[in-house]
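Below: a set of structures, written as structure tokens.
In the two complexes below, chain A is the common chain; its partner is chain B in one and chain C in the other.
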Partner chain A sequence: MRSFGYAEAENAQGLAAALGKGYRIKAGGIDLLDMMKERIDKSERIVSITGMTELRGIKERDGGVAIGALTTLNEIARDETLRKAFPALPDTVCNAATPQVREVATIAGNILQRPRCWFFRQAEYNCLRKSGQACYAVAGDNTYHSIYPMGACHITHPSNIAPALVAVGAQIIASDGKNPKSYDIRDFFLTPEQDLKRENKLPQNEFITEIFLPKMPEKSAYVEVKEKQSFDWPLAACVATYADKKWSIILAHVAPVPLRATLAENVVGEKADIDENLALQAAEAAVKTAQPMAYNGFRVHLAKAVVRRALLKACGKDFHA
Partner chain B sequence: MSETTAPKNIMQPKEPRPDVRQKVTGTARYTADQYPAKVLYARSVRFPFGKGSIVNADVEKARAIPGVVLVDVKKGKSVNYAGGIVGRIVAESKDALEDAMEALNATYEVEQSRTNPSKLYEGVPEADAQANAELKGLFDGGLKVVEATYTTQVQTHSCLEPHGSVVDVRQDGVEAWVSTQAVMALEDAVSNTTDFPASKVVVHSEFVGGGFGSKFSLGAEGTMACRVSKERARPVRAILNRSEEHCDGGNRPGSIQYMKIAVKDSGEIAGGRVHVVSTVDADGGGGGIRNPNYYKFGNVVRTEGDLALNGGKPQAFRAPGFPQGSFALESMMDELAAAVKMDPVAFRKLNETSRRRIEQFDRGAELIGWKDRKADGGTPGRIKIGYGCAAGSWGNGKGKCSSDCEIHRSGEVEVRVGIQDIGTGASTVVTDTAAWHLGLPRTMVTGKVGNSDYPPGPGSGGSVTTRMTVPAVRDSAEKALGELKKELASVWKTEPDKISYGEGVFVNPTNNQNVAWKDACAMMSGASVVGHGRFNDEYWGEGGSDTVQFVKVEVDSETGVVKVKKVVAIQACGQVCNRLTAENQVCGGIIQGISFALFEQRMLDPMTGGQLNADFINYKVAGPVDVPEIVAVLDVRDTDTGARSIGEPSTIPTAGAIANAVANALGVRVRHLPITPQRVLEAMLEQKGAIA
Partner chain C sequence: MPMSGEFKEKILAPLMSISTGKDLKFVGKSILRKEGIDKVTGRARYVDDVKTPGALYGKTLRSSIACGRIKKISFAPNIPWDQFTIVDARDVPYNRVLQIESDQPVLCDGVVLHREEPILLIAHEDPGLVETAIRSITVEYEREPGIFNIGEGRILKQYDIEEGDWKKEFAAAEVVFEGEYKTGAQEHVYIETNGFIACWEDECLTVHGSMQCPYYVHKALKYAFKLQDDQINVVQMTTGGGFGGKEDFPSVLAIHAALLAKKSGRTVRLIYDRAEDMASSTKRHPSISKVRTACTKDGILRAIDFSFHIDGGAYITLSPVVLSRGIVHAFGPYKWPAAKLHAQCFFTNSPPYGAFRGFGAPQSLFAIEAHMTALANHLGMDPAELRRRNFIHRGDTMPTGQVVDEDPNMEALLDRALELSDYKTKRARWKRGGGKGISLSTFMHGTGFTGSGEVYLASRVGIATTKDGGAEVRVSSTEIGQGTETVFPQIAAEALGIDISKVSFRRPETKVVPNSGPTVASRTCSVVGKLVERAAGKLKQRLAGADIRQHYAQHGEAYEEVEYVPRPGLVWDDDKYKGSAYGAYSWCVNVAEVTVDPVTAMPRVDTLTATVDVGTIINPVLAHGQMEGGIAQGIGWATCENVVLKEGLMENHHLTNYVIPTSADAARIVVEFMPSPYSEGAFGSKGVGELPMDGPGPAIVSALNDAMEAKFTHLPLLPEEMLK
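Moving on, here comes the complex of A and B:
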């Protein structure tokens, strides 16, 4: 790991000033420090924001829920209000990574973490996302890469919590130190077609202050499939929510962004109660546009399975039957 | 959970290891914790892809970085695996070393690598004419015949503490810290590499974070540390990082195992054809798949070969060749049992070679609840329950070991043995063995290992450490006690053999008075007495290492996810020296077996030959949630009087038992390890035409 300059921000003004001098934000530090140790991220100055306690915590507000940017995954996993009103949200993080990581990893850090692509994460592979000429996943081993093509790079989006936030149309509240900015999470993430180097729209001079969920869904469920039950990223996952006579079905870990399965949403329509047959039809529709690569065809089947299961689970039904 | 069959011979009740506090609080000092004053940092420059060479590297730029001492890169040197060494860098700090590594900004020529064994496999060679005639008789004789090909992946050793050495070559001798499972052999290796006589060399290895067979030599990093330290007259650290560890720290070679076996309607196996291939490195060698084994397989025509890949070199890995062989042959046992419509346990007992295991199969079946086992694929719904079993064993030869037992005037006892504790609890075994035979509480005794100046003991390979150490430690304890009696005899003016002793109390034969241990020790003329012990045949005793394991799994037939719910191990190991340590060995073997069966696999990129998962995120090792309930039964009988091997046999049967349980759950057999969701789904598509 290279030596780096280190500062601690005490408030928004101080943080904005640091960002102006080119500092990178460190919250939990889980992803950033890993990237720096591997010399993929060459940040020379980092600013810790863990002292900005006003960015931490879960509050009910304006009929919705505001989650501070520094709220840890375990604080979300343990929150009684969320557990009752929107169980899919704590479910997305309660088995993520390890208990130690969940105690320090933050919601904003989870949303902003860089891709886990094993070519991107090795300095020897100068891939498209690192200014190189080729995506190594095309001809190489792409077992864990995207099954929905969205451009020349084939990452999957690594955030566990983002799909649940996309499902309920959360707002990402950011700041440049002077003015609050608001991003609709539904178009916050960038596909490789939109931008090869960045995974979201947050500019370097801004920082997330909170995630606001305007309304809790009437029904929600999260289902994931992992090779290993301790410390693993899912092969496929799905969040399904129902509110205002509309379903949101969001696929995760199968595409470069949390993927809204609109074809599946069309199949289920306004129906509040979904039976096995309809869930299966929706699942089929969700993978209609999938185009797996040479090594990851099996994950199309898994994507289908998690959509079916999430819909049935949201309706309180046993999907194992 | 644990239980024991006959606790009569158990020397010690369950007691935690004396060094547990040091390990848990981080005060135990491993090789990687050694930072002598003015230490230099050394690391190899490695080729990152499967085959090729470095075309260009900016050596001048690397050398110009402040703190960089030495940069040496062999441009054009051809390399056959990712992680192959093409140079070295030495620097004053780790930062400077890594900056120099990056500054090289090497360009590479990359050739096509051999990465996919199933594409390179040439099939089963023709047997000779006579063998062919015998086989024809077997296969055409109206017997049931099962033919299958099984494959296993490459598993890296993944020791938590990486390989590494810290070497200080001084004018008067050499002091070295090496993460090794052979501290005595390493003294010779350091002596040879530094040109100092062994008497001027001391190797420390007090704590070792795992070896699993990969830490017997000084290695390229240790050799580099010795040479640079000698050249520069400064201590040198050379510790592998995690990527180097995966690529070049040793591995269990993969395998392709063809079996075609004929079985009589009675269930007796008649024989057949076996061809095993090990997937090794480009130089070849290091395979050796143990198939067939354990059961009466009848007349088998067996051939063996190597398949060279552009990957790191195999090293001995906890029961080398056995878990791979066991997975294939135990899978075949279940396939044969199905062919003659027999219960897998009954079928195994019929073809067993060991009476002990026949009994163990009954005990294990009872503890796992074998009677609840349904027909293959018989669980209703998508979540399928399955049961499986498999056998294992280990050879127990005698060997050499020596030990010093020193009794101090204070009454405290120190026992020194030139072995090493690679995480198994070897120092605990030394402590508890001496305490037991001296009749003292273990708090009075300190077992010391991991220093090449101690009396020579064996390297920790072949599960020999406990079985060779115990008779030597006992010998040294008895001899030290004899020395103490001589001291008392001269004070009491009597003969040593007239003094009786037991449980910390001597009896003075001249007045029949009891004298407590500490009071007796205070009477010695010098500061201490020492008993020099050696491996003593008298204390070898009886015992063996037979084992069976039973597994219960839950398989999600829609997603292919396998969860191991329970493992029962019935493990013979002779006399138990410390129950917690022994059970811990069994549990460790099982967990590593689960990890081998379901998760771990070296993944080489088909395009570049680089290892894509040379870390602990993409190289998947079983974690806490993946570890099931384990019932470790130490199968100890009254006749088991000698300490026997436990580390290796305990990891042999696990993968085969899991594969059989998965097949029972699904009604579909996965013949390829690891049994990932992908493999399960592929097997269902192939064998049933659809996924549940």
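Moving on, here comes the complex of A and C:
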């Protein structure tokens, strides 16, 4: 049995010190402990931050909303302010994983979780992301892999909540124990072309303290397509938000990063009310650059469906046809 | 048994009771599971919960090719190999796994016939080091081309059954209709993976494990190690599900654990993780069926020509009997004046396929039931009406030559299922291709082993008095989540005339319990239960009204044992493969209602209605559990459980990419029992274990065809296929 060091951080200084000694953060532990059990993550020192209660909670601030890094998915799913002001956000997590997981999984953990690619998740496949020579999805079963090529690795980004945060241009507030740092979530995630080993820009010596949403959108909707209605990641999902005469259309679970469908955004332009025809045109634009792999062509069709439906849903329209 | 006696069984509301026409105290009542409290409080001990200080952890090195020869095995120099126990084929006293035949080696001896075939076993005190060590062994192979398609390789087993002049019927038929139907493999996904702990003491071997059939394991250990019966004790631990997946496969695992234990002189734990379990263990046999039927324009069936082909994998294991059960269910619950049934199982270079709930019958019943609906559409008839015109009745002869001597009552089951589901209104309202569909299946499932199987098994059941004035049931039939530990005490308490709280169930271990046969084939409650009923009756007679506590104090334990006696008149000819395949059949009608998203083709099974005759219901809640669990498994097999095969191996051997329905996906399941008791089953019961697996597949695929205006004839039917 592999043993590892375990510490508990009580405050930012303590945590920063631990990170300085190479400790890895454990919050909800959903992803990290899985990775350790599968021997993908070989961390020798773990620091739990669940005692840092100041990192937990949802507050209105400066005209926006601040969500503490340790806020659980179910706390977000149940939050009445978010439910009213930005319903797409709780919608992205209210059916994620399982009720048990949602009670402990945190927003920061959800954003930072590693890819769910099953080749990556098995120790016996030494894939590109683990310093190997090949992406096994190219010749293997790639049903659940990316339909938008962004480099030699074909993961999809697993975060349920990130697409909604990207849609409203959230700020990721991090710290190294001394100074706060701020990252624009819209360029926080890294494609395999940018970096094969990391999925985001957060350095090892920093930790997320909160996610700040500067402004709530006027309209928002989330639509997903799943094979299983529990304990599953979507095959395709879309968040559409409207604010300041601009639409944000973010595709999820179809590319290595939460994918901003700019071509679709161009199609809908400033129009606040979108009809069936325009939604369909936008959906078609969204998948224009898709290049599916051998077994996942059907998900291009699903990506199109979720874009169209998210736009119609955001405009309060029936989309089931 | 720390928990027995610590809680009182509660009898649920009479709502769930089923009248058996007799004044029964315990049979027909939803007695709480005897082992339930232990399971929900975490006190139940599964094999991985057994503490074994100082034990070694075992791991299996498996082949990475599907077919070929092993040229060389190299051990990397950076590992202290002398600290490991390493077992290869030379360490096995007799390198064969005894099942029906003994063609399968315990460990590869130079030749590889499938991916993940075990080559070496390694054990060490540190499980982490075992992992590292396994990865430090390199096997060089000489590859040979493998065979991966049904029909291309050698024939593993074949049956041919004929009845009546089928050639004449086809020649004279008003309508001849044919189709080809395919079913995929299926993984059991029992909650607990396979595992064994083995230790030797004075040339005697004890294994603790997760299993369905302790005496199968016993037989295989005896053969591979050349031991005597009393040198082996096989102990079943609390077992987290089986569904057939722990029928044959645990024998291999037990031998492996025992080999490592023997060579190391230590206790050895060999417990699979999910990925290894899914990759290396048995699956449901994939099948291809060709069905040709002759009928009149009015849909009166005249003849069937059924060709049933299944993939057996690299070794024989249980395939001959899977093929057999498949073909003797292929004709469905219909009357056929003439029939030609042809069944073949083929070797391929896949890991061996094995037992899975239904045992070949779901495959052949999928074909006949999908065919019946397609035929009805071809004739322009309602699929329910076509079936109604052709149901088998008492006195009719099945294509196997068996004269039906019970009342199948298929019309009554059908009427009730149509009524419960409001079939007619929905069928009229829902236009083909409109996104909603409703369809059905009507079927039967034989109780117990096929043909002379039960006679060969000659099962024995024991019952003993206990000091506290009660009785203990001793059987090798296992509790695997289906309720053995509860229904047998119910049967024994009823037959003995003592309170249910006084009857306990001895955890099966081969040193203690007689061989009541394997826990398979829808036989436990009905066939073995009848032996429990008889043994308890015999004990009651012997006690002659004496108080058990006093009797025990005076005479010690009183023990009675009975053996299976075949039902008079039940004749089966193994050579001609004809006769009475089963003593009784359970009968069932399923109606499936589905919705398909018109854009994404994502399906949802909204409601699945089942009207069921499984004879007397011993425990209504447990019987409902069997029905609902089997139906959920059927929904999975039909809609999402896609075993992706690459060189015969399940490539998606993880729960992230092998999709099974969750409770959020399972349909609203409506079950209504309409029992007609069977004289040879315990208190009139028939088999319930496998029946629920048979019907959902064809009913759902036909309903999806209606919803999408399509003509699919295979399962699983995935949304991406419906999108095309």
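Convention: the second predicted complex is superposed on the first by the 319 of 321 C-alpha atoms of A that agree within 3 Å, B and C clash if a C-alpha of one lies under 4 Å from a C-alpha of the other, contacts with A are read in each partner's own complex, and residues count from 1 in each chain.
One rule holds in what follows: contacts are C-beta pairs under 8 Å (C-beta built on N, C-alpha and C of every residue); 3 or more make two chains touch, one makes a residue touch a chain.
Bear in mind that the values here come from a model prediction, so they are computed numbers and not experimental data.
*Asks:* Based on the shared chain A superposition, would you classify chain B and chain C as clashing or fitting together?
*Replies:* clash
*Asks:* Check the residue A:21 against both partner chains and state whether it touches chain B (first), chain C (second), both, or neither.
*Replies:* neither
*Asks:* Quick check on the superposed pair: does A:118 touch chain B, chain C, both, or neither? Answer first, second, both or neither.
*Replies:* both
*Asks:* Once chain A of both complexes is superposed, is A:39 in touch with chain B (first), chain C (second), both, or neither?
*Replies:* both
*Asks:* Which holds for A:84: it touches chain B only (first), chain C only (second), both, or neither?
*Replies:* Touch partners of A:84: none, neither chain B nor chain C.
*Asks:* Name the contact category of A:245: first (chain B only), second (chain C only), both, or neither.
*Replies:* The answer is neither, since A:245 touches no partner chain.
*Asks:* Determine, under the contact definition given at the top, whether A:61 touches first (chain B), second (chain C), both, or neither.
*Replies:* Neither partner.
*Asks:* Does chain B (first) or chain C (second) touch A:302, or do both, or does neither?
*Replies:* Touch status of A:302: both partners.
*Asks:* Does chain B (first) or chain C (second) touch A:136, or do both, or does neither?
*Replies:* The first partner, chain B, only.
*Asks:* On the superposed three-chain arrangement, identify whether chain B or chain C touches more chain A residues.
*Replies:* Comparing chain B with chain C, the partner touching more chain A residues is B.
*Asks:* Hey, what residues of chain A end up touching chain B and chain C alike?
*Replies:* 1-2, 39, 116, 118, 122-124, 140-141, 143-144, 225, 227-232, 298, 301-302, 305, 320-321
*Asks:* Across the complex, what residues on chain A touch chain C?
*Replies:* Listed in rising order, the residues of chain A that touch chain C are 1-2, 39, 116, 118, 121-124, 140-141, 143-144, 225, 227-232, 297-298, 301-302, 305, 320-321.
*Asks:* If we count contacts the way the header does, which residues on chain B are in touch with chain A in the complex?
*Replies:* Listed in rising order, the residues of chain B that touch chain A are 48-49, 95, 98-99, 102, 381-383, 556, 558-561, 563, 598-599, 603, 605-608, 610, 612-613, 617-618, 620, 622-626, 676-678, 681-682, 691.
*Asks:* Mind listing the chain C positions that touch chain A in their complex?
*Replies:* Touching chain A from chain C are residues 126-128, 131, 135, 275, 597-600, 602, 640, 644, 646, 651-652, 654, 656-657, 659-665, 719-720, 723.
*Asks:* In the complex of these two chains, what residues of chain A are touching chain B?
*Replies:* Those in contact with chain B are residues 1-3, 39, 95, 98, 116, 118-119, 122-125, 136, 139-141, 143-144, 225-232, 235, 298, 301-302, 305, 319-321.
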